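Two complexes come next, and they have one chain in common, chain A, joined by chain B in the first and chain C in the second.
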Partner chain A sequence: MNRTVLFVGVIIAAALVVILFVGLGKDPSAIHSPLIDKPAPEFSLREVGTNKTVDLTQYRGKPLIINFWATWCGPCWEEHPSLVASARQLQPDVQFLGVVFQDKEEKILGFLNQRGTAYPTVVDEKGKTAIAYGVGGVPESYFLDAKGTIRAKFVGPMNGDIIQENLQKVLRQ
Partner chain B sequence: MILLVLLLSLKVPDAEQFVGPPKGAPVADAQLFQRTREVASLLRCPVCQGMSVADSPSEMAINMKEQVRELLARGYTEEQILKYFEISYGQFVLLKPKSPVIWILPIIALVVGAVLVILKIRNLSGGPPSPPAPPPLTPESDPYVARVRDLVGGDKS
Partner chain C sequence: MLPILGRILILGSLGAAVAGAVLGFVAGRTLSLDGLKWARRCAWLYAALIVLAGVVMEVALLKHDFSVSYVAQVGSREVPTWVTVVSLWSSLEGSILFWGVILGIYIAVATYLTRGRYPEYQPDAIGVWLSTAAFFSFLIAAPANPFHTMPNPPLDGNGPNALLQNHVLMAIHPPFLYLGYVGMTIPFGFACAALLKGRLGHAVLKPLRESLMLPWIFQSIAIMLGGWWAYEVLGWGGYWAWDPVENASLLPWLTATAALHSIMVVERRGILKGWTVTLVQATFLLVILGTFMTRSGVFNSVHSFTQSAIGPTILVFLAAALLFSIALLAFRIDKLETEGRLEGTASREAMFLVNNLLFVLLTFTVLIGTVFPLIVEAMKGKQMSVGRPYFDSMVVPIGAALLFLLGVGPALPWGRATSDQTRKALLPPLIGAALFTLAGFALGVRSGWSLVTLAFGGYAAQVTIDQMFLPMMQRVKRGESAATAFVDGQLRRGRRRFGSYIVHGAVVVVIIAIAVSSSMRQTAERTFTKGQTHRVAGYDITLLGVDEREEPHRLSTIAHFTIVKNGKHIATLEPRMSQYPAMRDPIGSPDVYSTPIRDLYLSVANVDPVAQTATITIYIAPMVFWIWIGVIIMGIGGLIALVIPSVSEAPGRAVAAEHEIETVRPPPRPFAPARGDK
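Moving on, here comes the complex of A and B:
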């Protein structure tokens, strides 16, 4: 009897150790999205400060990084220089698009004028695009391949290394 | 005029792209308010700590609730609306898990745990078998006892 109890205890403890080990090894920023390996939801949104419409389909043919952000989000301020630097370095082989939601036009323009930009930014008026992409908070970035399929998602502020790392997932496909 | 053209050219991802055309009847007026609240209470606010979309005051939840309202008004069923949000956010967004395993697992774990505890308690209270009690000492069985009884002059029984 004691051996049975010991055996069951060891099995349960081993299962817990495995679960904890796997969980601890995971990157907390690498949130699984059900949209990975699925076609990116399509949208046409207005570019900030202009009356131009930016359509997602116009980005087909080259990898695209869609960055959801807002001016009220501190980590977005933090990652902005890295995004701009990466865009200047990687464009035109890799394209960048900013999507701002839950924000005001004048604040977005003020931010971009003050801190600079190297790629278009569009406004998601009622957050419908963010919802379709499963955005839970900002910043969140989606990495699309040349065919418009989402290959990676990153939650939180990115630096150059994170951008490169996630781009590799796109280029590996 | 330019603004009108611009507005017409804007397009946001639509539920039809994910779950097909509406399968129900459009809901309106007071019933729309009631149904919006009911369906929104089944969705988790992604930026809150365990709050439903119906209860959260966050802007994200307000946008999601507005989208629920719009989809109900267009005739989307509760099932279609939940599926639409699940496609974007995963099962995380559903406050009521789809799989019954989630509910059954704790009960199974409880039963297994209780059985193990009961078996352990029974094992401890039973203990190893005790050796048989020695037969009582009598003058007939032990000469030493008989001799002691003789010396003290006591009862020989």
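Moving on, here comes the complex of A and C:
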């Protein structure tokens, strides 16, 4: 038996398997946002279908869920009913706000008329707000506490449980 | 109906593989010919059942039978038929089934071609092949079952991942990759069989080399197709990002390339036997590692399939395969007796050795860069990624050193050479080095590494051409006509040698093209309004307009550009931004005007159909074209070297044909007679 081969082989193999084993179970798409526990970037955007401007600061005083979405995004369709249902249940203690980017006014209105809504939706026309929040794609949601600090971020379509779970992170602070 | 049929076929294939593996190993111990016969039958049965299962899945996809869970997941009535066909490998479960199908074909062909020829090695080889097959059938049967019955079949589905629908290269790249990846199982079987027998005799080198060469060709082309696809689809103007999964496809290729070279040293000198089987085993293990990487969710990448329970299952198999390989090596490597010894430092075999060490160094460099983020995260809990700078700064020098060897190695004779011979062999190609460097400099190459690459490349090119046509030239000198000399010296007796040097020549082309295209790339970003023209690097680029095109499976916003150079219209380019209903992000598709001299590449950064404006990133890179062409020529060279010479082949004949050539340089000692198995 060749002990050197055995020794070197076992060390390389064990190291590799251990590293891969530890890596299992983590979610590589979960990028820790540097914005967590930082004040949310300010914005003031026009509400869809109106000339009314919505300012982020007007929601201070209660938790806020900002949901970035677009009508061309399938997963956004998927999560929309859960968002509306949760909003109906949790408002006015918790505020919901939709931010649409890279989309057209008439498509957004059509979508909301057809599928219903329970909270304001604003249009991020140049995508500047999405960039400020570091949105990588839609849907993506940010959970703010009463002071306007980002406490949690969720990437991908949400359901009622996910909303509750992330909201707990806000309330725990 | 189809889901049940599929499940029965998969369970059948699992049974056949397990039975055949057991029979193979038992026959390997008892040397029972009946056992071997039955192991072979199991191999064929396995292949037939798994291929049929694949056919059943294709039928289900084409019939849009949404009662099959996999069809419900990736099928859609709205996508084009070719997308439906390639959906087989577009998602996790299907891709594992596809893996099984390819493995079935490989095992059937390998079993058929080696029947009755290597009775000593075949039983164990079949045992190893079918053990791997059994594992994959188990994966398909349980954790990655694509044949679940849907209790309430949907009427329509989302279709496969949009990136896969975006370009036809996606229909070609995965099959080539699987043909490369999966094929490495076959040489692994031979290497393990040799270790189990404790002998790597001359007879088994041929199937070992050939079964390694074929997947190597597929793998080379697959890596190139992947790069080409990234270039044509992802829109960042590059073709290689050191993405973990790209690395996963490169790693086994590196060790396989090293093994193809070390096999030659075993053939010629009878040394490096243990090293060679280690490389072949490492190649297979790296293939399994790559499979794990894409399917475990551990690495984030464009290639990743969604997270699933099959990650841990593959990890267990990887650990088992590692253990098996290490145990085999540790217990048997000393039995593979060495028949010769290394002669002199300035000999071809010494260069082969250095080449092998560099390939292994390169493999470790890439492997460490790939898993390093995992180590950091495990120890510090911080996320990080290893970027280009690490890989470029490590890989470029090693790559340059390999290119240097590509010139020096083949120029040196086998065995010990006098210093006079060495000088005569090494000095003339300096002309080629000087020519390439000067030509590059004159054409504007200024980057240091690119000039070094050109010098080494020029040197290697001259050596390669010299060596490539050496047999023909010798025959012509002896008075044969050029035509007979070519057919006889190049295509018949020296075919393997001829093919190998074609591969070398193509590698020179590819490496130079990579160096020049990456160091001389220009980038510009311009915003256009309709009708506006920008001049970039001599191209007049005009936006004709922006329109939207609605197709059943996507909505595209297309910017139409006309390209004029020196007052002449040369191309119309239509980069676009597409939205697929199932995707989180819109997907940009660049458009490329490709010529042998340079590529003009337009990628959409922002496009507005209402205002008729578009912001475009423009890349101009020379020689990119030659990367794709070069790799295809590598594949052709590999095929020429692989296809069995038409002269009737007694054992060792191909080698003998090369001896004839080598004797032109007087060898310091007579060659050992061809070593056959006794």
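Observations on the model:
The definition used in the following text is that the second predicted complex is superposed on the first by the 146 of 173 C-alpha atoms of A that agree within 3 Å, B and C clash if a C-alpha of one lies under 4 Å from a C-alpha of the other, contacts with A are read in each partner's own complex, and residues count from 1 in each chain.
The rule is short, and it goes like this: a residue touches a chain if its C-beta (ideal position, glycine included) is under 8 Å from a C-beta of that chain, and two chains touch if they have at least 3 such contacts.
Bear in mind the structure is a predicted one, so any value in this text is a computation, not a measurement.
Judged by the touch definition given at the top, the superposed model places A:Cys73 against chain C, while chain B stays out of reach. Applying the stated contact rule after C-alpha superposition, one finds that A:Val5 touches each of chain B and chain C.
Contacts of A:Asp124 after superposition on the shared chain: chain B is touched, whereas chain C is not.
Using the contact criterion defined above for the overlaid structures, shared-chain residue A:Tyr133 touches chain B, although it does not reach chain C.
In the superposition on chain A, A:Phe21 contacts chain C only, with no contact to chain B.
Touch criterion met: A:Pro41 reaches chain B, while chain C stays clear of it. Of the two partner chains placed by the overlay, neither chain B nor chain C lies in contact with A:Lys107. Looking at the shared chain after the overlay, A:Ala13 reaches chain C, while chain B stays out of its contact range. Note: residues 1-2, 5, 32, 102, 136-137 of chain A belong to the chain B contact set and to the chain C contact set alike, using the contact criterion stated above. Contact residues on chain C toward chain A in their complex (touch as defined above): 158, 274, 289, 292, 296-300, 304, 307, 311-312, 315, 318-319, 322-323, 325-327, 329-331, 333-334, 371, 374-375, 377-378, 383, 555, 579-586. Interface residues of chain B, counted against chain A in their complex, comprise 2-3, 6, 9-13, 17-18, 46-47, 59-60, 63-64, 66-67, 85-90, 116, 119-120, 123. The touching residues of chain A, counted against chain C in their complex, run 1-3, 5-6, 9-10, 13, 16-17, 19-24, 26-29, 31-32, 72-75, 102, 136-139, 156.
Looking at the complex, you find that chain A touches chain B at residues 1-2, 4-5, 8, 32-35, 41-46, 51, 53, 55, 102, 124, 126-137.
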